[in-house]
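Heads up, there are several structures right after this.
Two complexes follow with subunit A in common, the first pairing it with subunit B and the second with subunit C.
Moving on, here comes the complex of A and B:
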């Protein structure tokens, strides 16, 4: 409503009309499909001919919960995401350290190779992953799906953490050594607290990447490891549009939480070294 | 055993093709404040980092308190260090920063608290104990850096250009504060700086470094009054240089005459002087006196002409032309004023003219 008022006001004043028109179009493109899904998920006997559904209901949500065992599927999704985040972070810290602080010959090439899985469509190598996983009996295990997700999560972790670690002040680490701290103590008392903002950022990015991942899950899931995006896709095939809409909305809720976390957490100074500019 | 707290023996450190330290021999006595002085890139920081263990010498050995520490990692060397950019732990409070070395050493909490409070009192920062470094001014941060370095009574205090990130006035105040603190603790200190005024004001002894080598070690007076190379005379204080040949040496070797063009200048005789040998004469611009042209001559008094005057507040800086090839820089207090183009008499004080062989 606020937007509309600003729009109307600016038209009345004849200022910046073009800008607001573009902004409105952008908003429409992004939010109209979302609003459609939302309406469908709570509408009863609504076939799209009317502006709004004639009756409102939460039945489709109940269906979604009961028929599709959505709690089980959400649990799957979260377990997989947590494993993928953990592995990616554990890879990301030492790799980020190597990229951020060491002189490595061919650093750019190595970084490009690490980022490659993010740049090419997952479907292009999902088949290869599936073949390998079938041989190793990793298909239909949480760990297996999570491992496939690491291919796209780890690049985020490495990218964010190498930037964070690069921003660490070498002199502060030297000061820690002079004060008597060995590498182990320096890591836990100085380095870890200083790169914590970067680690949190990396966790947010890797978590959303895994949580939203569809293609790689599709190629590696089994009946015990169905995730929310895959189940939503399958529901479309089953033809229950209303239930599918309800599932989509459920799928979105955690993402909104993450969005707020990102807004609070991801600021440039926190990304680079956490406490730069002291 | 010897009386050196720190000793570098034949230390050589290379970075690729650059020799940052070339056979450095340096002994620092117990309780002494030794300054490593030199322009940037002279290798003074490399030497300091050999003492801390952040650099491992390619050749030579490092001793602390008589023990060979060449292969001992930094954290076992029991040092205190103050950094140019302060290098405080940004995620810890002032108290946490000062407490850190004690915590690492596993000292119990009660004792830690007492020692930290004592250190904070020493630097007059008790009120700031729960501030974070970014909330402090540069001078305050550096005082916390000092407290962190001194709190566990290390054998040696190392200071790596600790004042160069501070503004000029504060720098001078902190100079005295650091010297005072070191005196009270009776600690051996190594101070690295490129600021010659700082070095002269603070040090018991100064080691002047250039291109990876130590050019001269001595007290500030020795370094300033009898520099042993043109580099040092040039780097420390202002100098006028005149090139000539030794024409005669007095029989008691108290003085000598150096002939520069057709001027015969009396100088303090050095031990290596020989008649007929080339000599580089140097004199500080404030050891040259200016008189009006009617002044009657004396030893080392020559006629000249004022070419340029720069006003410096408490004194004037003159450029004087003695002959076609000889220009002298002269600094004298503002009382006597001369004009550009004026003919004057110049007296190079004979007991202040020295020769670098």
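Moving on, here comes the complex of A and C:
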């Protein structure tokens, strides 16, 4: 405790050196694992106490493409993510509307209920989903895996969209009605453009969630619906660390790219938080 | 007439809510119930009721060590995350050069798949990883690589790496919404920096820390992919559940019973955790 006190004290005294050392360590511990993966994926004959691989090669990427059929797996992952995003958005818009603009008795409680799948460990209901899907023959279909992802993605979509829809200005809707637009027209020409940023945010978040989802996929995948995270896991089990690293780089680059791309448009903080004070 | 329109409005609300409710009941509630029923059936049979799946797991000494391990891992990771997040948030608050970059850096562990993060950490802290090369280079008395992977401290470190962003983000946003006048007032009143931090800032941002650390705790408690590949011989509950259905023949009832125990423990721990922290922050 005393040590901590001295530590905090010195930081508070504005010692820039200490602060930057802290930030440097922080940056290092976050990014160096990815550098390690990157080096492992292009290194050859990297044994013993060497800081860098002695020879460079792209063999592991070739292996990843040829042996693990990474293009098909990427296609699987994307198809599943697109289906999951579409279903979640279609669920999110009406339900978000109900939460944002209609009077519902016990709204808070209902919202907490909808968010429950994010509180309970996924493995607990993934077991049930697997059993139900086996019975319905949904296992090993793209639609089935995507539907399992919806269990995680839909709460995200509902949360983001209800916040967006709640922020709609009532007067705009009234103006539209006064100008003689019917409900249909109002929805497509007034409401939809207004909530489009919210829908985009929701799409990005649900897509990321589905793209990275592992637990639910592991319980419902089959040989035709292997996704990138599952394939990475299987490759780690097989012990091919170099090939696994190559696959991981292919898997991780879109994620980081998306993060840096969207940081100006949407506050990526929401990706992590999302709860209003639990 | 009035009653009619009321009814109609309720109908509209319900039909708007319907997709969300169908999703909740179809993809969460019903599977949960299936798990409950399965956990009460004898292994491999669809009829009969029994508690044997719970008893046979809970009566072993292994059950206790698994539960203690799960609890200890997630609690230590949460505490470590809080310590780290408060320091990080206090620094990032000052908006030094490059703070935007570090804000994004903070999100990286949550944006990339947990498996990849764990893989990178395993490579970094492995016996041939950069961490051990650095330690052996700097401290001449360290001759053998330090074993971090597949140990409990290593797992705690991995958990913290993966789940601290929840705590860090809420702490940072609580800190930034703080009225600067309060600190100035404490400063004027003659409190030194440590006292300002201890008695003014920390109590005020406690709700933020609490909200974030609950998320960290829940995520760490339910962590699955990390202990699966980086746990070695240490198996928390989630991996223990998965191992049951990874067997041939799969033991669905045993797995379901463990899953129910896990879900119940999660709810109990959360209630206790919230209560303790609420009392603290008061």
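Simple rule for what comes next: the second predicted complex is superposed on the first by the 248 of 278 C-alpha atoms of A that agree within 3 Å, B and C clash if a C-alpha of one lies under 4 Å from a C-alpha of the other, contacts with A are read in each partner's own complex, and residues count from 1 in each chain.
Convention: a contact is a pair of C-beta atoms (placed from the backbone, for glycine too) under 8 Å apart; a residue touches a chain by one contact, two chains touch by 3 or more.
Quantities reported herein were computed from a predicted structural model and do not represent experimental measurements.
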Discussion item. Once both complexes are superposed via subunit A, do subunit B and subunit C end up clashing or fitting?
Written reply: fit
Item to complete: For A:195, decide between first (touching subunit B), second (touching subunit C), both and neither.
Response: neither
Worksheet item: So, A:165: does it touch subunit B (first), subunit C (second), both, or neither?
Response: neither
Discussion item. One more residue to check, A:236. First (subunit B), second (subunit C), both or neither?
Written reply: second
Worksheet item: Looking at the overlay, does A:147 come into contact with subunit B only (first), subunit C only (second), both, or neither?
Response: second
Discussion item. With both complexes superposed on chain A, which partner does A:185 reach: first (subunit B), second (subunit C), both or neither?
Written reply: first
Discussion item. With both complexes overlaid on chain A, does A:263 touch subunit B (first), subunit C (second), both or neither?
Written reply: second
Worksheet, complete the sentence: The chain contacting more residues of subunit A, comparing subunit B with subunit C, is C
Item to complete: Considering only touches as defined above, state whether A:177 meets subunit B (first), subunit C (second), both or neither.
Response: first
Worksheet item: Between subunit B and subunit C, what is the tightest CA to CA spacing in Å in the combined model?
Response: 7
Worksheet item: Just which bits of subunit A does subunit B share with subunit C as contact spots?
Response: 275, 277-278
Worksheet item: Okay, in this complex, where on subunit B does subunit A touch?
Response: 52-54, 73-81, 83-85, 87-91, 100-101, 103-105, 133-134, 148-149, 152, 158
Discussion item. Residue numbers of subunit A touching subunit C in their complex, please.
Written reply: 4-5, 8-9, 11-13, 19, 22-23, 26-27, 29-34, 36-37, 40, 46-49, 51, 90-92, 94-95, 97-98, 102-104, 110, 113-114, 116-117, 119-132, 147-148, 150-151, 154, 158, 208, 211-212, 214-215, 218, 228-229, 232-233, 236-237, 241, 244-245, 248, 251-252, 255-256, 258-260, 263, 268-269, 271-273, 275, 277-278
Worksheet item: What residues on subunit A touch subunit B, complex-wise?
Response: 169, 171-172, 174-182, 185, 189-190, 193-194, 274-275, 277-278
Worksheet entry | subunit A partner contacts - residues on subunit C that touch it in the complex | 9, 12-13, 15-24, 27-28, 30-35, 38, 83, 87-88, 90-91, 96, 98, 102, 104-117, 119-121, 123-124, 128-130, 133, 136, 161, 165-166, 169-170, 173, 193-194, 197, 207, 211-212, 214-215, 218, 221-222, 224-225, 228-229, 238, 241-242, 245, 252, 255-256, 259-260, 262-263, 266, 270
